[in-house]
Amino acid sequence: MKLTRRVKEILSWYESDNPGTKANLARILMEGRLGGTGKMVILPVDQGFEHGPARSFAPNPPAYDPHYHFQLAIDAGLNAYAAPLGMLEQGAATFAGAIPTILKMNSSNSLSRGGDAPDQAVTATVADALRLGCSAIGFTIYPGSDAMFDQFEEFRELSAEAKACGLATVLWSYPRGGDLDKDAELAIDISTYAAHMAALLGAHIIKVKLATDHLGNKESKKVYEAKGIARSTQAERVADVMRSAFNGKRLVVFSGGAAKGEDAVFDDARAIRDGGGNGSIIGRNSFQRSREDALALLDRIVRIYQGKE
Amino acid sequence: MKLTRRVKEILSWYESDNPGTKANLARILMEGRLGGTGKMVILPVDQGFEHGPARSFAPNPPAYDPHYHFQLAIDAGLNAYAAPLGMLEQGAATFAGAIPTILKMNSSNSLSRGGDAPDQAVTATVADALRLGCSAIGFTIYPGSDAMFDQFEEFRELSAEAKACGLATVLWSYPRGGDLDKDAELAIDISTYAAHMAALLGAHIIKVKLATDHLGNKESKKVYEAKGIARSTQAERVADVMRSAFNGKRLVVFSGGAAKGEDAVFDDARAIRDGGGNGSIIGRNSFQRSREDALALLDRIVRIYQGKE
Amino acid sequence: MKLTRRVKEILSWYESDNPGTKANLARILMEGRLGGTGKMVILPVDQGFEHGPARSFAPNPPAYDPHYHFQLAIDAGLNAYAAPLGMLEQGAATFAGAIPTILKMNSSNSLSRGGDAPDQAVTATVADALRLGCSAIGFTIYPGSDAMFDQFEEFRELSAEAKACGLATVLWSYPRGGDLDKDAELAIDISTYAAHMAALLGAHIIKVKLATDHLGNKESKKVYEAKGIARSTQAERVADVMRSAFNGKRLVVFSGGAAKGEDAVFDDARAIRDGGGNGSIIGRNSFQRSREDALALLDRIVRIYQGKE
Amino acid sequence: MKLTRRVKEILSWYESDNPGTKANLARILMEGRLGGTGKMVILPVDQGFEHGPARSFAPNPPAYDPHYHFQLAIDAGLNAYAAPLGMLEQGAATFAGAIPTILKMNSSNSLSRGGDAPDQAVTATVADALRLGCSAIGFTIYPGSDAMFDQFEEFRELSAEAKACGLATVLWSYPRGGDLDKDAELAIDISTYAAHMAALLGAHIIKVKLATDHLGNKESKKVYEAKGIARSTQAERVADVMRSAFNGKRLVVFSGGAAKGEDAVFDDARAIRDGGGNGSIIGRNSFQRSREDALALLDRIVRIYQGKE
Amino acid sequence: MKLTRRVKEILSWYESDNPGTKANLARILMEGRLGGTGKMVILPVDQGFEHGPARSFAPNPPAYDPHYHFQLAIDAGLNAYAAPLGMLEQGAATFAGAIPTILKMNSSNSLSRGGDAPDQAVTATVADALRLGCSAIGFTIYPGSDAMFDQFEEFRELSAEAKACGLATVLWSYPRGGDLDKDAELAIDISTYAAHMAALLGAHIIKVKLATDHLGNKESKKVYEAKGIARSTQAERVADVMRSAFNGKRLVVFSGGAAKGEDAVFDDARAIRDGGGNGSIIGRNSFQRSREDALALLDRIVRIYQGKE
């Protein structure tokens, strides 16, 4: 498989990583219909853990079956499929070699106090990732929460072990908890901070939510206003996140949050593309529709990243 | 021992497991009067840890003797016997090879604060399970409790080690503690969530309680009502749990909770059977009766799963 | 599975073993058409390693396929199937739980100097036995050879690890090499010595060749003649071996060596039965015939051990 | 990447392996111009270790550069590239993800006594294979040599560790040393024996040399002649080797030995194809020609395996 | 590189350290325009973690790129560059050997409760420092805070491991939290206490903030006043800190806190020099200016330490 010039350039940014990790990043970047472009669409299915099976799968009952998601990601020509241990175990042999997988190592759940405890349990090991043939491990941190320091340290351990084994790391960085109110969680200054900390923690691929133009921290608000950092359009905010990810030298993918209308999803993808982001992670917006609708939606998103729409 | 087509089909769902684990699952599924049908009745005796010996065994004093339970499970033609370390140690040699055993790895007890602390101590090791000739390890989690994140991580460690040694895992998933009130603990939306998390954690056999038609979480309540997910009969609720266990690709057994009337027990078994569940775990309802009564009761339950009643 | 009185008696002789090892011995003793009788017929297929594939399998080409042997052992109602790592790996998942397996841990081969080097390589681990769901490990020693001290120590290590994990051990004890000439290798005094050393080394099941009435050692010859130890019939010699195996308190199975006529095979089985031996290991004499012939031959051997012929 | 039906069938033969190992086998089988056909051409460059740099690379000086070989394998559309530690280290980052690599773990060299010692040093670790992003480890055994028992045991250790980490194993099995004369080393009965032992040792991909119709062992000679095992054409001999590799259920690739004329190389490939072999390993015959000549030669070999020539 | 007499003298103070650690201290002391003088200027860039990317880098956007800081430190002729994991990973290969690096092991962040939680997460390992070729690890403690005891113990672990591996340690010691008010944090008696504890904890290089003449503790206030310890000038206070660092036998570098006017920065440097301090750590005051301005500022600071201004 000849790597494209663009993928080689991206790999060159990961200059301290071993060839094993680079090869796994290359596998993700070269897979599917966006293979070789430096853009990615990843299917994550950890909502069963986060919100329970009914909220996750009842809207599209075939999605109760773990094989459904492997097949959807393959048929839609996506770059990778991310899920917790049990979901991968139930399909990893059938789909071995068919699509890069990301083992989601920690998960929260909405049975915790308040339905929303900003903590997670680590539910898998790097050895699991190797035996299941995964290309990367995935981990979630909640910057701002009281648990964040522990989470950073859990990631440090898992990440060091994963890198030594030639695996890549994907870090979901979601500001949440502590002093952050709901507006602050999606504020652009907080979001860029979350992306930057993920980069500092050594993540290879960073996942953040699309931000609003709100400013959540009074110190950084001064800087944004003094320097006139552009944030009125979504594309500008994506560009601001990319800058915060080592001036664009770390891969960043974005999610739009809860399921929403198709046009909003397409607008998001165009903004990510135009702002220089590396792509989308689309969970509920894909697997909670019928398979045909999901394939049609993912097809348009892929075409947007291909610059065709 | 020739495996039946049904057992081979079930084993095929455990596609990432090694032949050792598959062999132990086969041993449980091929044992006893239900051997080969894909249905199971398991005898668990950990109530001594949970409620103390008087509450557990005084109603039927021969049950103070660990051998009593091995013999009961064998004579009733059950699939497996589950108990804590000491109970198995006191009979494992006498009954070696006579019935598959499940080493219950953690246990709560009613001397804890409030008599009901939603936490457990891990009281055995995977090495114990091997030296005692067990086919599986058993573990309890309390989704919803403050201890759940730690419990998930304890299971992660034990489960990874057990799987590498060719053992199977049985996960008791009992919503409890935290924000959950008594009604929520048995609510169908919470119960399916508990079953799903057990599957995500990589359990081979999942044990939940039979659920009520109550909905305990306001977010999932919306989904249940919007989608009209059937939950008025016990069989419908069992079917809902099975769907949540990877669309029926993970074995799930059910318990009915506290000791109750025989008719209620038989109705439960029919509902489990008709809803597609894989069987029953029956502790107090069997060993707290006289031996003859228990054998008669278990005989009828087995006959129900055989479709004869 | 209710153990028979006879199997329980046999297990009682292994009084220092843990319940896991007893359970695995029980599995072997309770399997197949001889299950529960204390007699065993085991299919070993390591001749490919010992003599190469053409000599082993060309007489019956379907036997080139590893699945053939699993299926033969199951269909013939045998107690266990023994083979080296690769042979078990290629069928262990398909036949998980269908027949107890013995992982042959070391193997010689006829490409060694003289075609017959009295040494072996250890080609598998106890961890392999666990992940493949084996009931026992198998090992070969060559009492008399220069390599024997090393072999004893290799067995010590593997055996200690296997026992701690609840596995049983099967020890092939073949006098060979050193000062032993060809006659001595099969001499009754040497053969009983080989069986006794295997018992002393802690083996659970001992495998020796049927002996001749030759006496290979001048010191023991004096004793045999002075005490008039009976050795003229094969049954007497089997009885002598059993006595040497802790007065019959260790399981001993016998092989007849190279492929030979059916009547000789049946005579051997009757002698083993009448001398109190525990059964036969029959490799080449079964799988080098056509499947129908092998099934017919094994059927008669089983019937002989059942006392029907 | 959708796997072909043929590749899925091949993966099903590796039934005891974890999904990680299956994924790496799939990567090799799906790569290059033969991707998906079940046929493979692999480029091995360990001759520098075996014969020194001048004998290996002076015929085509650009081949002194490790990058040359990665690029050749990629440009020729081969399935994998195999080399010792240093060769892979000098190119693994540049070509990360561009072609599956096999880390050759042991190597002989011609500075040993006699220039031809039938032994090897283990020069890399499984951790090296992971950090370099390799899909498999490679190992050489010399059946027949005095070193073979040690080699088998070295492979046992490396192989168990590699399999647990989700890597595949490639075993070079070259009869050599001990009682084997030069004719015997390539004799068909010895070659099938070598292939069979590699399968028994648990190798996923077996590499042997194309055999002559000579019979090197007097015992197996009898069987070949008695059974009339076809061996007069190279295709018949390839078929005999495949039978010996678990009746074709293990992947076997062949080499033709020393550099030779193009027509002989093409005839070899047709015989491998027609005999049911899985492909060629072509070292000296490719990299000791100019790059254009090598690409032309490899193109024709690929076309032969595609059935076009 | 011949070490100067002054550097040899400094190294002699670290008499219990192994030659590896001494070599790394020597690398830092011999690097750049101050190489050999015993004076140092170090560039730290961990403000992205502490204050977020906008507050840190928006004032000088090229600073979003990790390579910018390596290049700035090299071009300015500084002694070392200190940063968290991700920042070093993104440049360590490109600038390997070009400048000594210090891996900052823990970091706080302003999303924590109050924007200012006196705790930190450990986000890197000593193994990371070795693989990235660092000369030292850096760590921050907050004497006075509730977290300090944990922090001391974290440092103990990391420091022991680092020293065993021949790395040097740099300890940021910032009084903060607990009973300390804002004035006390910079008080001279508290500052000397902080420097002394760092020395006691075994740090090789100590980093404190320049102190005020305030006295923060009533007990030490009595002593300062009774003994008339000079503290009215900054140079006197630096001298007091140096005395507290084993009478000057530990290297101490100073920072001035928030970005400020150039003259104040130069005055600080002269005070450090005149008080016998070992140099400056200058982060925001350098990288938040344009590159030319930063180079000009650093040039004057270096000249001050050279005694030229």
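Observations, loosely collected:
Letters A, B, C, D and E mark the chains in the order given here, with residues in each chain numbered from 1 onward.
Please note the rule applied: contacts are C-beta pairs under 8 Å (C-beta built on N, C-alpha and C of every residue); 3 or more make two chains touch, one makes a residue touch a chain.
Molecules present, by chain and UniProt name: A, B, C, D, E = fructose-bisphosphate aldolase.
Predicted, not measured: the structure shown is a model, and the values here were computed from it.
Common neighbours of subunit A and subunit E under the contact rule above are absent.
Between A-B and B-D, more C-beta contact pairs join the chains of A-B. Relative orientation of subunit A with respect to subunit D corresponds to a rotation of 180°, obtained by superposing CA atoms and rounded to a multiple of 5. On a Cα centroid basis, the chain most remote from subunit B in this structure is E.
Residue numbering shows that subunit B and subunit C use the same positions for more than half of their mutual interface. With every chain reduced to the mean of its CA atoms, the largest distance from subunit D is reached by E.
Separation between the centroids of subunit A and subunit B, computed from CA atoms only, is 36 Å. One finds 58 Å separating the Cα centroids of subunit B and subunit E. Rounded to whole angstrom, the centroid-to-centroid distance between subunit C and subunit E, based on C-alpha atoms, equals 72 Å.
Subunit B and subunit D have centres, each the mean of its CA atoms, that are 49 Å apart.
With touch defined as above, residues shared between interfaces to two or more other chains in subunit D number as follows: 15-16, 18-19, 164. The touch graph of these protein chains has some other shape, matching none of line, ring, star or complete. Chains that are in contact with each other form these pairs: A-B, A-D, A-E, B-C, B-D, C-D. Note for the complex: subunit B touches subunit C at residues 1-3, 7, 11, 18-27, 30-31, 74, 88, 92-93, 96-99, 127, 130-134, 164-166.
Interface of subunit D with subunit B (complex): residues 15-16, 18-19, 164.
Interface of subunit D with subunit C (complex): residues 13-17, 143-144, 146, 148-153, 155-156, 160, 175, 178-180, 189-190, 192-197, 199-203, 217, 219-220, 223-224, 227, 229, 240, 243-244, 246-247, 249-250. The residues of subunit C lying in touch with subunit D in their complex are 48-49, 51-55, 57-59, 61-62, 64-66, 84-94, 107, 109-115, 119-125, 127-128, 131-132.
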